[in-house]
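Two complexes follow with chain A in common, the first pairing it with chain B and the second with chain C.
Coming up: the complex of A and B.
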């Protein structure tokens, strides 16, 4: 049986135009267009690209929900057995579109989907959990390797065995953990790994750890009495009612609130939104995480000149490091503008 | 967040309970807090004792901000 495959590409790869044509609405063409030729060659007789759906990257990015629906409709008309998008290489809007369309096709048409992207494409972080993504080079030069890899992955997904691990089948890890039994216990494997490490022998980690960059320490405060100090927290202390609905886990935002004339983060006006620790004590007295009361006393006594008028807060529970960095940059920029001299950041 | 704010040249002290996490992620000035559910408090103490405790931690924090450091430093006293 020859599988029917639909291919999604953007306006550039369809040969319609560059950035000036990025606003074109979705359209479909029978058969192969552009890089579909490379996929066709790799599919051989096992699969056939019966149709290609094209959409401008700008149009998609600006109308994500409705564009996904329009594209999905066009795809469904071809009655496909499987779907492939891109490869998007390092093009951010294109990668986002490929990921979004793949996810929608997978969920609504319930057929195998595959796409290809450079690992730093924002589409990877956004869709890696729900979509199989083949790793590609950063530019279209990588098509000659990407196409066969994507074709192979899609055919495997269509096969009775389906897809196995990222290493075996060649896709970016989705962060899915599957329990399996090993003959040796974890303790045995850990000790064996340690012995190899001590001997200077090669070993392979079972779980790669992320690496964290370093920031040079900022210069110390020299004149505390003249300083403006800001207090910030990841303990999730928010005005009562959590007006901005900061999430109790995986926070997607931070809040900034005025504490002008506020002498204490009391329980009448404040609470915590944090879902990662028992909130009882902090809800009883939010100063236990956001120490406004003592900082005000210190301000009154002249220990430092001023407690900055605003505090920023988020929930540090399963917060992605990318988001935390984003929040920090936004907060830091504002603090710098307002000539804040130093920051006390509290975490639970 | 600590590092991102510090990248603007503003000294930041991280008052936190789980010091090893802060060290791994890379904060430069760290002051250990009391406990996860009450980093600057202690419900087993009286309100005034708690405030004294909070004051002690904050004084440590301000001291850390005034201390020049060249590498990650945990301020215990």
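Coming up: the complex of A and C.
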């Protein structure tokens, strides 16, 4: 029998348009669209893409809950046996959408789902536990490898034997621990691992420790009156219009903007790009997430010497720890270069 | 030439046991069958003061037999030359052991079975799914089933049961040896003086074994030469002393990852380090340490154990844990303190990642622990088939650690976590089990 497969893609891969068309609402088309051609070739006669569902990345990110329901409804109309999304490569919002739709389809339609992403796509961290994700390259050039790998994984998931281990079937580990029997005893593995470690050779731990950065707090300032203070927020406060298009969730970037001579982060000139909390209050008075007004007051009073002339901002909504770390290091380096003594971090 | 003074050499004379039967005389028959005079054995281990009843049974690999609740497993050994006797400070004098010759009934085991704590004893299945997980489905087992006298407290019952097991192990090896059993193979283990050992193989990294022993107390106890290990500070011991039973189990704790006396006697880490000695590493010794419950104890023991390792000048340490949860903190302290002074470590542990395998596996973690061998997820569920014969008391399966309400199904099958199976996730790395991320 030929399995019925539905494919999900964004507005860009559907050929509708780029960022300017990111707000298009979900729609469905019969048959193959865009990268579905590559998947179709890989499925051969075993599966057929009966329909394609398309949604703008911006629309999905801004209306995640309702968009998921709308997309799910369009998918269900095709009565699929299996579902495939993307590949999203390293596109953060697209990856998040692919993960969210896959998770919803898997839970509600109870059929095999597969997507593909670059390992650092924030969608990987968000959905790897519930969705099978094929590792892809960072850009669309990787489609030629990704499509056959995704097709193969989906067909294996549809087969009576089902999926094997990530190593055997080529998907990103979901982090679920499953017992197995090795060829060698634990003691043998341990001694051999130690020998490699002592020789400085590569070895592979059998249980990668969940480790979190524990950063010890810096020493307190001794001379606040002489200090230059910066302000940074993960609350998404940006100059009006969000010039760098920082994503509303799973941010792939941060922005740094001048506040030279700015006395207040007022609503005429600032807004939030954050999609993870009710923005009403912050949009009414952006100072409440980026307290420029109070800091200027303290600067005048001489509590500290100077407010640093730039602020940095990002959206801390589903942003992967890998991205957050990257942003932090880059921002920190600049602050050090400019001799900033201390930073006030605001979150939401 | 051994200018360093004492030179320890232990010869293990191993006679293979391929069968086990009751008979008139306790001896190893020509076809490698261990024949046991049951009455004589029971008389040797009798303890009228503590036991209201004691019985013995046999279980062979492949039989449809389940042993439950299992307390300890012991290998029959008997010293035929050299100072002291096996299980010093337990059933023998406190004289230091570890040199001379020791006779071993390889392939045989004494299993003790009693209703001590009930919920922290284990299951050994001789066939079926469970047999794949316990190493003691492959041994010819003589099972002692002991019942306590009314009013006997748990700790006294545990001690009496422990001693009966050691006595039975000594009895079997002694009688077999005295009736003329010959070794099928001889293994020699040497441990010269420390100064001499350290000057051997100067080009090879010096490796020691940091051997963590369960000592949380309240029947989570281990003993060395008869001393409760929670009262020691970490100390150096010759691996050959371990082979002679200087360290024994007194544990009533989850069956999967407590080290039975058998696995102490046959510690696979020690065996592997000997195998690689002189080739890839210089095996310089064993440090035993405890897993006490207070923070001060944990800090004291981990600092002292690592200090001992630095005094010896080791480059690498294998660290094995016993148990889980609270001792994870000791494991991580041992690891981080060693790594911080430049000693490279490999840890052996097991995991408690939940029945679905999705939770964090350990109660403590550190980035320094970058080389870990896992003995599997103890929470994983296994279904054990119905057996034709039960040795012991099956009504306790429900309350064995890893069992849960409804474990014993009406049809005789048992649904349990691996945790309930004796030796299934041995943190000495005794078996081939492990786990992978899916």
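FYI, the second predicted complex is superposed on the first by the 188 of 348 C-alpha atoms of A that agree within 3 Å, B and C clash if a C-alpha of one lies under 4 Å from a C-alpha of the other, contacts with A are read in each partner's own complex, and residues count from 1 in each chain.
One rule holds for everything that comes next: a contact is a pair of C-beta atoms (placed from the backbone, for glycine too) under 8 Å apart; a residue touches a chain by one contact, two chains touch by 3 or more.
Owing to the predicted nature of the structure, the values given are computational and were not obtained by experimental measurement.
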item: Which of chain B and chain C A:64 touches, first, second, both or neither; value: neither
item: Dominant contact partner of chain A by residue count, chain C or chain B; value: B
item: Touching partner for A:188 - first (chain B), second (chain C), both, neither; value: second
item: Which of chain B and chain C A:331 touches, first, second, both or neither; value: first
item: Touching partner for A:174 - first (chain B), second (chain C), both, neither; value: second
item: Partner chain(s) touched by A:37 [first = chain B, second = chain C, both, neither]; value: neither
item: Which of chain B and chain C A:295 touches, first, second, both or neither; value: first
item: First, second, both or neither for A:76, with chain B first and chain C second; value: neither
item: Of chain A, residues touching chain C in the complex; value: 129, 165-167, 173-191, 193-195, 197-198, 203, 205-211
item: Chain A partner contacts - residues on chain B that touch it in the complex; value: 1-18, 22, 24-26, 28-29, 33, 36-41, 43, 50-51, 54-55, 57-58, 61-62, 65-71
item: For the chain C and chain A complex, residues of the former touching the latter; value: 132, 205, 207, 268-269, 271-273, 275-276, 280-281, 315-318, 320, 344-349, 351, 353, 356-358, 360-362, 365-367, 369-377, 380, 418, 426-438
item: Interfacial residue positions of chain A with respect to chain B in the complex; value: 212-222, 224, 229, 232, 234-235, 277-282, 284-285, 287-289, 291, 293-295, 297-298, 303-304, 314, 321, 324-329, 331-333, 335-336, 340-348
